[in-house]
Every structure is written in C-alpha cells, then in structure tokens.
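Heads up, the next two complexes both have subunit A, just with different partners, subunit B and then subunit C.
== the complex of A and B ==
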C-alpha cells in the first residue's frame, strides 16, 4: 500500500497542486494573480523531482506500472506543460482573471497523461484518457466570447464522447470474453485461444472498437475530422498543448498495449496498422497543401506526423519503440516552437492567416530564422532533431522489412516539404504587408521569447550531437511487464 | 582541428560570424566571406604539397566516433578522386564570392547562405561515412533554395522550389539505399570504406535494386536524361555566381557519388549497367547539344551545354577503363572551370545590358576586346578545341569508351561501345555549331549602335574570370599533373570493379 502510494506520489502531488490553484481564483487581487504562474511552475518542478529522485520502478495497485518507458513520457508531459505555461504567460485572455482555472486544467490534463503512460489495465486506460481530455474540452473553449473557440470545443466534445463510448464498448466486450481488464490477462487469453474459435471474431471486433477510440484521440484517419476545427478555434497555446501532450499520452498507451502485450504482428494486424499509418500520413499531408490558416496548416501537419509516429508501432520492434520516443520528443520541441512563432506573429498582427507571416524576414530576421529552423526540422532535413526522429522510425521499419511503408513515408515527406516551404516562401521571398496594424510592437514577451529560443537551441544541439539523447532513450525504452 | 575539417568548416564559421554582424555593414560581410572561403582555398592548395599521388587510398583521414548509438562516425578523407574536386570547389566558391560583390540586395543573408553552401559541398566530397555524406548532401539544398529564390531572375521562386523538391526526391532513393546497405552489411556499418571492402556480401537481386536506387539518387543531380528537367530552369534563374556553383560543383556531386558509392559497392551491377549507362550518356550528349542549339538565350545555351558535357563524363564512366575514368574525372574538373567561366562571362554582359538574347548584340568584338578574347577562349575550350582543357578530357572519354572491353553488341554484330562512341562524336560537331553561331552573332558582324556606351570588363570581373581562363590554357597544354593526381586511385578503382567478374 505504502509502496504503491510512493509510486504514484508525483501524480498525487500534481493533482493536489491543481486543486489548490483552482481555489486561487477566489482571490481577486491583481498582485496575487501573478503568483499563479510561479506556483504552477514550482508544482511542476516538485513533481519532476519526485519522479526522478530516485527513479521508482514497480507496479502500483496492480494497475499502474512505473518503468523507464513511462518515466520518459511523464517527463515529456511535465516539460510540455511548463512550455505551455511559458508561452501563455503574457496572454491576458488566458492568464488574466481565470489564471488559476486555466493553469489547473492544464495540470489536470498532465496528470491524465501521466496515468496513461503508466496504464497496464483497461480501466486505467479509460480513466487516464478521460482525465486527459475533459480538461481539454474546457480549454479548447476557453475564449468564451470567440465563436470559433466554442465551435471547436463543441466539435471536440462531441467527437470525444463518441470515441469514449466506442472505446468503453470495446472494453466491455474484452472484459466479457476474458474476464479481466488487465492487459496481461487479456493477452494470455488470446494466446490460449485456438484459431477458429468463434470468440476470436468478437475479440477482434472489440480490438477494432478500442482502436477506433484511440484513433480519435490520436487523430488517425478516418477519425481525424475534428482536429483542424478544434486546432483553429482553440487559443493557440492550447493548440500547441493539444498537438503534444495528448498525442504523447495516447501514443504511449497504444504502444504499451500493442507492442508489449497484444503484439499487433502476432495478431496478424500489421497490414491493417500500416494502412492506418499510410492513410493518416497521406491524407494529412494532402489536406495541408491547401490550407491558408497557419494553425489549420499545422493541424493537418500534426495529423501527418501522427501517421509517421505510427510507423514505429507498425514496425513493432525495440527500435520502433525508441523511434516513437525520439519522435515524440522531437515533435514536442518543433511543434511547440512553430506554434510559439505563430503566437508571436499573431500578437503583432492579430491574424493567423498565412499572409501575416509574409516578409517576416525583413521585419524580424531572427524570428524568421527560428521559424525556418522549426520548419526544416518538421520537414526532416538534417542537422535538426526532426531528421533523426524520422530517420530512426524509418530505420526501425527497414529492420522490420517494411520497405513499402518507408518509401511511402518518404514520398509523404516531400509533399510536406512543399507546404512547409510555402511558409518559408512567404517569410523570405515576399515583401512585408503593412495592411495589418502593428499593435503592441513595443511590448516584450519574455516567456514566449525564452520558450522559442529554448526550443530552437535544443533542436539544433540534439540535432548535431544526438548521442547523449539517443543513449538516454535506449536506456528508457525498457518496459516492465 | 585537422586540415580537412578546417577546409570544410571554415566557411560555416564565417557564416556564423556574418550572422552576428549588423545588416548595414555590407563591406564587412563581403570581406568575411572572402576571408573565410579564402582560408579554405589556401588550405586546400597547401594540401597539394603533402598529397601523395602514388597512394590509391584515402589520405588525411580523420575518424571520430560521432553517434555510437547508430554506428555513425565523423570519418573524412580524400583520395585522387575527391581531392581534385575539393580543389575545384574551393576555387570556384572563392571566385564566385568575388563575382557576387555586385550584389547589393540583402547582402548579409546572401553570403550567409553562400558560405553554408560551400561547407555542404565540401562535406559531401570529403565524407567517408555514408550517413555523414547524406547529411551534407541534404544540408546543401537549403542554401541553394534561398540563393535561387531570393536573388534569382524573373521565375526565381518557381525555380527554387522545383530544384528543392526535385533533388529531395532524389535523396529519398539515396536514403532507402543507405538503410538497406546498413542492414545488409555485417557488421552493420555506414562506413563507405568498410562497405566497399565487404562488397562481396551484396549479391543477388539486392545489389541490382540498391545500385539502381543509388543511381537514380545521383542521376538526378548529374542530371542524366530523363531527370534533367530541373536543370535549365534552376541554372537560368539563379544569379550568376550561383549558376557557376550549380554547374561547376553541384552537378559533379552526382557523378562523384556514382564513382564513390554506386560503382565500388556494386561492381557486378555496375558492369551490368554499362550499356544502359552508355546509351544514357549518348542521349545526354546528343539531346543536350541539340536543345542548346535551339536556344536564343545565352545562359540557357550554356545550361543545356552542361547536359551535353556531363554526357561525355558519363561516357567515360560507362567504359570502365582507366582511360575513360581518368577522362571522366578530368571532364568534371574541366567542365567546372570552363562552364564556370562561361556563366561568369554571360553574367558580365547581362549586368550591363539586361539581356542575354544572342540576336540583341552584334560586333561587340571591336568595342570589348578583353571580354571578347576571354569569352572566345572559354567557348573554344567548351567546344573541344585542341590545346584547351576541354579537348583533353573529351578525347580521353571517347578513347576510353572506344577501347572498352565490353563484348556487348547492337544490331547483331556491331560492338555497342564502338557504335555509340562513334555516334556521340557528332555531339562535338553540334556543340561547335551552336557556340560558333553565338560567337558570330554576338561578337562579329555589324555593330549594334544601341550598345555604344558599353564598357569592357572591370577589375573585379577580371579577377573572377582570369584564373579560370589561365587554368583552361594550362590544363589544355599540360594536363599531366592533374591526371597523375587521380591516376593511381582510378586504376585501383578499375581493378576493384573489373576484378570481380
């Protein structure tokens, strides 16, 4: 009991801090509100400390497993939350009157992601998923006066509940068939069951329902329709949070379930998973070609990236798992970086249209150079971390002899370069358009600037010297059964 | 830091320095670009003294473990194949930087990208790790995209993205080849020398498939027909100095890649591919020459003549004889020098008149004696006049191809190599036809009074072109020193390929 509690102490502490911060909104004094930012940072730091000092290993309550693999994603989730807090620090609409609510919702979502990273039981998977997404429903609609924000939130909510329903349905079938919600026991049931047993049909049906639920959250094609609208409508820092934290939490539980327990290649579902991956990449990329809103463009590109990350799962080997970890980390940095630049530009020009970034290199050369680096990293051009991530995933796929998948993914990478370079083209080749009012030009955005600079330097540093990062990931890819 | 790393990374150091300086200090940017690419050039010249011509293997090798987790090393070195190309790259970069001193728009960015490009190109030539090779190969694309897209001609933006996507498409094949090789080799490695040493492991269908993958990756860069469609647009739209680099160095990366990677790693597949390569070379020669003949724009003409000239190099390579290989490498160098100076010279006249139409001029010879003289030397060298550089290498390529040991025949009894070599010689004739027509229209005949105010070349332009003209004459009269530099490496390469039969 005590040992189990120690294992989930970081999650308990973070939930407590989130509750505390929620109450902080009762104070209306301006100077007290400023404390929210620092307190939340402090809470994240303590949680981080509890996680890594000393790193715990074991199983809590038979449902949550603490292993290097989950630790990696928990650290990632904490860092992404810190990053989001940094970039939303100067945003009056978010960190204004309801700063406590805003921050506590983010922290709750992070707790959900942390539970997801550890889940080894379908119930825990379900709980973690809900805890991750319910705060996001609210956050997506946080700008109450903005119609688009509400629209995105409603769409996300409807789709989210539907997918939860589908998933629960699948889980109930699995429980009925196997008599357990533990990943391990379900796997053992599958191993024992003879081929040709009628129950297997039901079993695969249940797996499909479960996959559909996870697919909605991962925005895999054909469950991706909500993504662009929600991304466009949500406040941009939240969009960035969407594309990173949620993705990481869901992918880690998917990997745990389908590469460690119900191995997809053992179930003979490799082609099915490969098809999902190909569809997701291709449709995401093709749809991104025609987008004129930067957030929508990045939304479709995030769908495409989800498809590429999925290749690591299709490969189903250790390299693939490491590739997923590396890719999640790289995607975290480059996507947050790109969104930070979008936030910066939209604060200057009050527009998220692609034309707002026109001629940026003449107005603010360092900013345009950083955006270029993020876009190069997203396109997978060396020597940025994005390249290593892509390469690692492809490496895994080639080891699993999935040549066709790599070929298709590489062709997709070329399509992606086209739309990423549309942005580059606007930034560097065109004259600035002064039609938009250059409001708040003199205001400094320390949090935002710091976050962007940090992301770009990490991308470049790890891109040129990836060794230490790779050995950390290799050490962290251990899964405790 | 050791010599090769110094040569490779000097330019990028300069680029970072430029990035730190304010935008207004135009002269300082020019000076820094000149200084750092100058250091690179002088160091590569200094290497000449200690370069051992008798050794076929790698020299000045540096080997540092870079990413042990993936088995990637920082492994660089030069041999008789890559060293001449390194020299060519540093020389052309330096001269192009001098030639681009007339750029006044966004000078800081221009030299930043230019220096980055130089590091990328040098990196490809010195890399001995396939992975490192690929990284430099990709890194090079981005600066080129900006250089064409910002400072180019009317269609620059389209040309830039077309170039970028086209060459990226080529590197897709290369990446698959790299990964396939890694998993086939035992122990797994990216090291080109180790891969070459264990090339007997690459047998069966595997070697043909991977050979073709890498071949397509490189062929797009050369460009080999039918992958040439990016070239005219990019060459014509790019600013003068960038055209020089494109034609002078970038195209060689393709042929270099074939000789460094495709041939030695898959000798059997390479010999099997000899006749298709021969036919592709023949198409390049004839097609490039005919299309060049149809051009009115001088820059386009020179661009298409590049396709034709790379065809000669391919012809020499297809022969798999020592003469042919020496000729091919020499042709790469000569084409860099001659076409580089042609692009510079076309740029000179374009800067003054803002037209490149050969019909717009006439009788310039009397008004611009220096320009006419230098241009005539370059043109004559390009069409293969004996006594100038172009003739030596083209002759060697033809000779090598004609004496090829291949037993293949076409039309039931004619030896394939002799047949296509003979036909390819027609290419020389067509080249002579269009270049002489250009000389006639532009420099001879009645003077077009519209250009009465035209001034001859200034000091900066002369500094940029004269070294190339001098080299053209020197190599034309005494090519021995250059051939001796590559000879031992080439003969060991030939031995490696033909020995496996």
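== the complex of A and C ==
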C-alpha cells in the first residue's frame, strides 16, 4: 500500500494542489487572486520534481504502471499544462475572477492524463478518461457569455458521454468474457482462446465498442464530428489543451493496450487500424482545405495529425512507439505555437478569421515569422521537429512493411502543405486588410510571448540537434509488462 | 422457471419505459418513465442478488437524481418543449445503425459460451465496503475527484453572471 502510494505521489500532490487552488478561489480576497498563476506553476514544478527525482518504476495498486514510457508522457503533460497556463495568463476571461477554478480544472485534467498514461487496467482507463474529459467539458464552455463556447461544450459533452457509454458497454462484455479488467489477463484469455471459438465474436464486438470510445477522444474518423465545433468555440488556450490530453493520455493507453497487450497485428486487425488511420488523415486534410476560420482549420489539421500519429500504432513495433512519442511532443509544441499566434492575432484584431492574418508580416514581422516556423513544422519540413516526427512514424510503417500506408500518408502530407501555405501566402504576400495600425492597441502579453518563443526555439533546437532527444526517447520507450 | 418469467417481465417493462423516456413529448411524463426504468433496473439488481446496488439505485437515482430532475422540469418551460419533435431528419439512418448493432450483439451473444451462474442471496454490503477501501481504493478515490470536477462545473454553469 505504502509502496503504491509512493509511486503515485506526483498525481496525489497535483490533485491536492488542484483542491487547494479551488479553495483559494472560494475563500481568498480579490487582490490575492493574481497569485494563482504562480502557485499553479509552483505545483507543476514540484510535481515534476516528484516525478523525476528519482524516477520510480513499478505497479501501483495493480492498476497503474510507472515505467519510462509513461514517465515521458507525464512529463509532457506537465510541461504542456505549464505552457497552457502561460498562454492564458493575460486572458481576463479565463484568469480573472475564477482563476482558481480555471487552473484547478486544468490540473484535474492533467492528473487524469497522467493516470491514463500509466493505466494497465480497463477500470483505470475509464476513470482516467473521465477525469481527463470532464474538466475539458467545463473548460470548453468556460466563456459562458459566448454562445459558440456553449455550443461547442454541449456538443463535446453529448458526444463524450455517448462514447463513454459505448466504451463501458464494451468493457462490460470484455469483463464478462475474460473475468478481468486487467489488460494482461484479457490478453492471456485471448491467447488461450482458439480460433473459431464462438466467444471471439463477442470479444471483437467488445473491442470495437472500446475502440469507438477511444476513437471519439482521439478524434478518429468517423468519430471526429465534434472536433471542429468544439475547437472553434472553446477558449483558444483550451483548444490547444485538447491536444495535450489526446497526445499524452488517450494515445498512450491505446498504444499500451493495442501494441503491448492485445497486439493488433496478432488479432489480425492491422488493415482495420490502417483504414482508420487513412480515413482520419484524408478526411481531416480534405476538410481543412475549405476552412476560413483559423481555429477550425487547425482543428481539422489536428484530426489529420491524429491519423498520422495512429500510423505508429498500426506499425505496432518499437520504432512506431518511439515515433508516437516524438510526434506527440512535436505536435504539442507546434500546435500550441500556432494556437498562441492565433490568440495573439485575435487579441489584437478580435477575429479568428483567416483574413485577420492577412498581411501580418507587414504589421508584425516576428510574429509572422514564428507562425511560418510553426506551419513549416506542422507540414513536416526540415529542419523542424515536425519533420523528425513524421520521419520516425513513416520509418516505423516501412519497417512493418506497410508501404501503401506510407504512400497515402505522404500524399496527405502534400495536401496539408497546400493549406498551411495558404496561410503563409496570406501572411507574407497580401496587403493587410485591417486599416487600424496594430501598435496603437498593443499591450504586452508576456506569458503568451514567452510561451511562443519557447515553443519556436524548442522546435528549432530539437529539429537541428535531435540526437539527445532521440536517445532520451529511445530510452523511454520501455514498457514494463 | 419462475425467475425467468420475472426476469423477462422486468426486462420488458424496463425496455418499454426506456423507449417511452425518449419518445413521449411531455418532459414531465418522460421523467416519470425514467423513474420507472430506473426502478426496473433496481429490480434486476435484486434478482441478481446485488442488494446494496439495488438499494443505492433506488435511493440515489429514483430518490435523489430523479427528484432533482423533476424540479428542473417544473422550473423550465414545459409547454414549449411539447412543440419540438422528438426526432430529427436523421432518425432513419440512426435506427438502421441501432438495428445493425443489435443484430451484431445478438449474433455475438448467441455464439458465446456464457454459462448460467448461481446467484448468491447473501448481503454484499460488507464485501463491497472492504473492496472499496481495500483493493479498489484507487478507483474509489479517483471517482471522488471526477465527481468533484463535475460539481465544480455544475456550480460554474449555474451561477449568475
């Protein structure tokens, strides 16, 4: 018991801090509220310290496994939460009167993500998923006076609860068939069961239900419809945060389940998984071509990226796992960067339309340059980290001899370049559509600027000198059974 | 034999109530049907010997949540809700999807080798309590975090701006 508690000490500490910040909101006077930001940062830093000093390994309560693989994603989740706090720091609607609530909801969601990344039991998978998404439902509708925010939140909520219901239904059948919720025992049951056994029909049906639940959270096609509306409506820092829970939580548990335990190639589901990946990439990219709202465009592109990440899972080898880790990190940095630029532009111009970014290079050259870097990285062009991420994932697929998948993914990458460069074209080669000079309304957004700069420099640094990052990832792709 | 008759009649009533919940026009009646459906679930729990779950089902769902729901219905404009149709133009495709899933699950359940279990009619409360504070303590605590987060959301959305 004590050993288990020691293993999940970071999670416990972070939940405690979230509770504390919630109380801070309720009992503390107005002028002390600005400390929320620093306190939450402090909490994240201590959690990080507890995580890595020393890195613990083992199984807590028989349901959570702490291994280098989960540690990587936990660190990623913590850092990204820090980024999100930074970019929402100056936003009065978020970090104003209800700053404590806002921050504690983010921290709760991060705790859920951390649970998800080390779950090895269907029960923890379900609970981690709920703890991740329920704060997200609330955060998506945090701007209560904004109808779009409410609309997105309600859509997200309805779809999310439906998918949870489907998933639980599948889990109940899995439990009925195998008598356990442990990944390992389900796998052993599957290994023991001969082909042609009648139980397998229900087993695969249950897996499909489980996949539907995971697919909603991963925004895989055909479960992606909530994504654009929710991404568009939610406060933009939260939109960036959506990708965190997906890249650092849900994908991890999916990988753990379908490439470590119930290996999808062993179940003969590789072509099915490949189909999911292809559909997700293609539909996401094609829909992104027609978008005129920057957030919607990035939402569709995030669907496409989810499909590309999924290739790593389809490949099902260790390289694929490393690819997923690298891609998660890279995607997080570049999408966060792109969203921060969108926030910056929308704070200046009160618009998230693609025309608001028109001629940005003439108004604010550094900003447009950074956006260019993010977009280049998103399209997977060297020397940015996005290139290495795509490279690794494709390499894994080639190693698994999935050539058709790589071919389609490359075609998709080309489509993606088109709509990313549409933004670049608007930024650099068109005149500003806005008559009012920007500088007149410019106030400093230190948090936002710092986060954007950090994201750009990390993307460039890791992109040009990937060795140390790659060796870290290689060492972290170990999964303890 | 008697158990089977009871089981099927309860299930039939449960399904009937559940269908009524989503098809009747008046929100108030649909809340009442929901009460019926939830009570039938409690009856199923009793049939399976899960006494604690059955009691909790009645106390929490029928007694607590449903009463709140009825309050919410009475405070909102019930008349207006009657004007809206219960289905939208996509009801045919969704019905087809549902029937397909039903068929698939039916096939799966027909082929499966589930064996009849024996229902132990013994109190389960003690065992559940030991489990919740023993081997299952982590999920139990995580659930409380989830509930807290949802509570925060409920307060946040219902306060005046």
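Assume the second predicted complex is superposed on the first by the 470 of 481 C-alpha atoms of A that agree within 3 Å, B and C clash if a C-alpha of one lies under 4 Å from a C-alpha of the other, contacts with A are read in each partner's own complex, and residues count from 1 in each chain.
Throughout what follows, a residue touches a chain if its C-beta (ideal position, glycine included) is under 8 Å from a C-beta of that chain, and two chains touch if they have at least 3 such contacts.
No experiment lies behind these values; they were computed from the predicted model shown.
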{"item": "Touching partner for A:28 - first (subunit B), second (subunit C), both, neither", "value": "neither"}
{"item": "Partner chain in contact with A:410 - subunit B first, subunit C second, else both or neither", "value": "first"}
{"item": "Subunit B versus subunit C as contact partner of A:138, first or second or both or neither", "value": "second"}
{"item": "Touching partner for A:2 - first (subunit B), second (subunit C), both, neither", "value": "neither"}
{"item": "Partner chain(s) touched by A:425 [first = subunit B, second = subunit C, both, neither]", "value": "first"}
{"item": "Partner chain in contact with A:195 - subunit B first, subunit C second, else both or neither", "value": "neither"}
{"item": "Which partner reaches more residues of subunit A (counting touched residues only), subunit B or subunit C", "value": "C"}
{"item": "Parts of subunit A lying in touch with subunit B, wherever the complex brings them together", "value": "361, 365, 376, 381-383, 387, 391, 394-395, 398-399, 403, 406-407, 410-411, 413-414, 417-418, 421, 424-425, 428-429, 466-467, 470-471, 474"}
{"item": "Partner subunit C, residues of subunit A touching it in the complex", "value": "4, 8, 15, 19, 22, 60-64, 98, 101, 104-105, 108, 111, 115, 123-124, 127-128, 130-131, 134-135, 137-138, 141-142, 144-145, 173, 176-177, 197-199, 201-202, 205"}
{"item": "Subunit B - residues contacting subunit A, complex", "value": "23, 66-70, 109, 134-135, 138-139, 141-142, 145-146, 149-150, 156-157, 160-161, 164-165, 168-169, 172, 175-176, 179-180, 182-183"}
{"item": "In the complex, subunit C residues that touch subunit A", "value": "104-105, 107-109, 111-114, 135, 137-139, 142-143, 145-146, 148-150, 152-153, 156-157, 161"}
